[in-house]
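So, here's a batch of structures to check.
Both complexes shown next keep subunit A, but they swap its partner, so subunit B is in the first and subunit C is in the second.
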Partner chain A sequence: MQHPNRLWIVYLARAALFAAAVVMAVAPMLLATRDIAILTEFLSLLTIAIMWNLLAGYADIVSVGQHAFVGVGAYALFGFAAIAHVDPYLAIPLSALVALVVALPVMVIIFRLRTAYLAVGSWVVAETIMLAAGKLSAFGGGSGISLPVSVVRGFGSRVTERYATIYWIAFAVAALALVATWLLMRSRIGLGLTAMRDNEEGAGVVGVNLIGLRVLCFLWTAPFLGLAGAVITLQKLRVSPPASFSIIDWTVYVIFIVVIGGIGSFEGPIIGTVVFFLIREYLSEIGVWHFIILGVLSIAVVLIEPRGLWGLVRRLLPADVIPISRRRRVRR
Partner chain B sequence: MGELANQIVQGVLVGGLYAMYAMGLSLSVGVMRFVNIAHGDLIVLFSFLILALIHATGIGALPATLMTLPIAFVGGYFLQRFLLQRVLGQGVLPIILVTFGLSIIIQNGLLGTFGADTRRVSGGGFETATLRIGGGINIGVLPLTIFIVAILMVLALDWLLYRTRLGARIRAVSDDPATANLVGLPSARVYATAMGIVGVTIAISAGFMSIWTNFDPTAGPSRLLIAFEAVVLGGLGSLWGTLVGGIILGVAQALGAQIDVSWQLLAGHIVFLVIFLARPEGLFPKY
Partner chain C sequence: MLDLTGLSLHFGALRVLDGLDLKVERGEVLGVLGPNGAGKTTLFNVITGVHRPTAGEIRFEGRVIGRQRSWTRCRAGIGRTFQVPKPFTGMTVFDNVLTAAVHGAGLSFRTAARRAGETLELTGLASRSELEAGALSLLDLKRLELAKAVACGPRLLLLDEIAGGLTDRECGTLLSILTTLREREITIVWIEHVLHALKSAATRLAVLHGGRFIADGAPETVLADPTVQDVYLGAVD
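Then we have the complex of A and B:
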């Protein structure tokens, strides 16, 4: 160990992370409605960021079309809850399932493209799905449609109650995404993914099943993105092609979050989402400039410290705050 | 029947513009092996530059476009030399992220400077002139000019890449940068020159696009997608293939628009995906 004296910082950070999780679990009892709404958005964006990081940071699938699955989840929720009159709580996991089913043909298409072309290829597919969603007249066509009041009331008759319920759903989804992906990264599969991140050819040579891992990661992310789409729809109470499939909200911001926070690390998306919300809260009044700042910042990160903010911090620390690699002590 | 034939002819001509968008992308994909996410935004950026030049000096669209050509070459050269070159050869992730950041910066820079309004440049009556050829087919002088220029661009780029010393250098660096360096080729400068040429194709397509279609600061991504589809359909690295790819997309969109205006874009994407699934290597793959 290089810095044994700094290990206390790691323990402190873990304690802070745990405390933050506990506070977030009971947030609706502590905060005002407006803050709850912002935290709900935070959790949805965090879920999407964790998934994009898994794809681009580890599995070498640099997709610019993951907003497609958020939109599919949104439309599936509306379809089950408002059209098929399924119990709204059941409609949420069903939208994850639909996103997974849609991911299969999408994967067949985009996996035929080599990595450099996959980015734009996935964007073409997302655009096609969005335009196709605009053709569904039961979903309001190109202009979209609001969730019926009966469905909305299923999550609470009073506004504050509803905000709290939707917040807890978002919290459950983000927690599931975080813990499940953490367990994945700690498994044998995660070991292969880390090897792939560090050296893809080398990983292939030592027997990591590259294609299998790519397929697994792609299918892993789709249901979580679908869940995020369902939560976002419950919060916005409306589906429409440009908003539900928003490339700005669910892909552009997410890429900035992961890149600035630190791509290819478990802590990166979490730090990135926090930084993004701080920037958004304090800089949103400067309009287009906050995009320009994010763009310049992300290019600077790629040029100067490709491992992002977390990469900078991690240099000073002896261990990961969220450990995904298991250390084996070597006897001498 | 005449109406259908007319739509197909119009689609073919639109394909010329699409091929123009795609030619620069084809070159950067073929030579530098990366997809520039900001490609469409650079086209829109130059359209705004042409618009600003016209407003500032009162010159016509053609001289304004010609004035931007050297700017585009130098811009492409420096973009490659001082930004893209630094992340080339480190895998695809950094280059995608850098061009992606660039795309967002250009879009929002244009929004901040010019506002969100939809713009168009006047071609001085040139854009409304048509030739009647009978059988219900009318050919606009502007689309025909664009189509002919697109063919000339393919010829010029083909000649440049396969008949000149510069082209031989570009191909050598593209095939194997390490060996090209060993035999004394300044690969960074060769890449930068290639990107300068890409810049010129961007400025030419921006000039024609600004007269023929409406554009706004967020119009870049749709141009990128069209250009990408034309490149992949045609087969990576094949310039004639790119032209054919553009024509296929133009015709698909024209026929889709016959059903309903909102089918126009969807039809283009669907035809792309179907052909891509059947022939992932494109119609005329070069490598």
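Then we have the complex of A and C:
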């Protein structure tokens, strides 16, 4: 306990986090439709960021092809809801299942590779899946297709109602991703993952199954990315290869978010997503400059504190805001 | 207990281990000596699965383990420390040892927490348990290496230069920890340059040179061996 007097900041941050969660749970009753749309995007990106952080920050799987599963989720939603005429609410969990199924062969391919080769390999696999999606004529081929009005109506006949419904779906997905991943990190698996993050060889010789945990993390992230893809499709009301499988939107921005917020920490992706949206919303009128600011910020973070903004803040605090370690509960 | 036959490890043309044979019996404390670059740490890396051997066989308690992964060998009962400590820097000292007790020994959180507490007590780290491992001094990091290895509940413990840089008193503490471990029927193989520490603990000495053992036997006999004195203690021409 190096800073016992600062514990109140941690409690304050926890209270703020809780308040934010409560406000977000009832946001459609408080905010305008435009803000709800932005918050929906926020929640989708938060879900993707949590997953990329788990992979790259803990399991050392630095994939730049995770947008493939977002796209697969998007196309699966369209397939089930618009082509197979499955109940649209049922199509959402089914898209998670499809992403999981696609993850199995992808894993077999890219797990043969490590480090930079894995990064390139995952990208190639993602591009291949995107090109394959562009060949599906029922899905509009290379130019994509809009969700039929009948499906869209299923989420609300009026626009405001529909925005609220889709928002709540996005909220449920992000909450599920956050809580489930938090529980994972508090389990023995999370203990092993944290050890792996800090020293792979050291983790191996104390019995941490490095391969097993990598497989688990990869298969863990795929369905959540599929869910995010389904939510994004509901919001955009269409699928198309370049948008649904956008490497910029679902991988590059996500890497910025996680690196800026703090890779290998639970708080990092949350902070990073908030910072990303603040920059995007308040600095987007200066055009391309907001990308430059994003780039400079992430380079500065890597040089000054590789553990990101959260790493900077964490140095001053005596405890994590979202505690993962269970030691206080299990000791004696 | 541990049986190595014809063990070789080649990195290209470099023969780090060159057809080496070794038998370790239950209850022994085997001291391993050898000049720098003799292959001592590499030997541990091959036994614990960090490197796959180019040729030869590794048997642990009768089973061939040469193709098993490092975590499988750990769970089978082989613990080790690294000469250059490999702490989990972002975790507390307690969580470091807890990880070993949970994953290495396969204990539940509750039992593992008790094991971790006892192990920290044994290795003199109890007062550091809430510190981040990244904040430890080198001496404490070496203790942590030992604590992690012990928390896995090994039957064979491989120690890689854990006495280097210790004061006489600290060395005495270390030796009494090793005595406790022997009482728990843990077999120990110990690579060490600090001769007096090794002499007082080892029941047997073996000298590694050029990737194979050139002497093996009772400590006095091995240290008196002229070949050993030549390669290890320095030739007096």
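The rule we apply is simple: the second predicted complex is superposed on the first by the 327 of 332 C-alpha atoms of A that agree within 3 Å, B and C clash if a C-alpha of one lies under 4 Å from a C-alpha of the other, contacts with A are read in each partner's own complex, and residues count from 1 in each chain.
The criterion applied here is as follows: contacts are C-beta pairs under 8 Å (C-beta built on N, C-alpha and C of every residue); 3 or more make two chains touch, one makes a residue touch a chain.
Given the structure is predicted, the values throughout are model-derived calculations rather than measurements.
A.B. asks: Quick check for you: in the superposed arrangement, does A:Val125 touch first (subunit B), second (subunit C), both or neither?
C.D. replies: After superposition on chain A, A:Val125 lies in contact with subunit B alone.
A.B. asks: Quick one: classify A:Thr194 as touching subunit B (first), subunit C (second), both or neither.
C.D. replies: second
A.B. asks: Output check: A:Leu303 vs subunit B and subunit C. Expected answer is one of first, second, both, neither. What do you get?
C.D. replies: first
A.B. asks: Should A:Val206 be classified as contacting the first partner (subunit B), the second (subunit C), both, or neither?
C.D. replies: A:Val206 contacts subunit C only, not subunit B.
A.B. asks: According to the contact criterion defined above, which of subunit B and subunit C contacts more residues of subunit A?
C.D. replies: Answer, by number of touched residues of subunit A: B.
A.B. asks: With the two structures laid over each other on chain A, which partner does A:Arg34 touch: subunit B (first), subunit C (second), both, or neither?
C.D. replies: neither
A.B. asks: Between subunit B (first) and subunit C (second), which does A:Gly142 come into contact with in this model arrangement: first, second, both, or neither?
C.D. replies: After superposing on A, A:Gly142 lies in contact with subunit B but is clear of subunit C.
A.B. asks: Between subunit B (first) and subunit C (second), which, if any, makes contact with A:Arg112: first, second, both or neither?
C.D. replies: In the superposition, A:Arg112 contacts subunit B only.
A.B. asks: Let me test your reading of the model: by the given contact rule, A:Val62 touches which partner, first (subunit B), second (subunit C), both or neither?
C.D. replies: In the superposition, A:Val62 touches subunit B alone.
A.B. asks: Which residues of subunit A are in contact with subunit B in one complex and with subunit C in the other?
C.D. replies: On subunit A, the subunit B and subunit C contacts do not overlap at all.
A.B. asks: What residues of subunit C sit close enough to touch subunit A in their complex?
C.D. replies: 48-50, 69-71, 74-75, 79-80, 82, 86-92, 94-96, 98-100, 102-106, 109-110, 112-113, 117, 130, 133, 148-149, 151-152
A.B. asks: Tell me, which parts of subunit A touch subunit B in their complex?
C.D. replies: By the definition above, subunit A touches subunit B via 56, 60, 62, 64, 108-109, 112-113, 115-117, 119-121, 123-125, 127-128, 131-132, 134-135, 142, 247, 252, 255, 259, 263, 287-289, 291-292, 294-296, 298-299, 302-303, 306.
A.B. asks: Write out the stretch or stretches of subunit A touching subunit C in their complex.
C.D. replies: Touching subunit C from subunit A are residues 1, 188, 191-192, 194-195, 197-199, 201-211, 264, 325-327, 330-332.
A.B. asks: Along subunit B, where are the residues that touch subunit A in the complex?
C.D. replies: 29, 33-35, 37, 83, 86-87, 91-98, 100-102, 104-105, 107-109, 111-112, 221, 224-225, 228-229, 232, 262, 265-266, 269-270, 272-273, 276-277, 280
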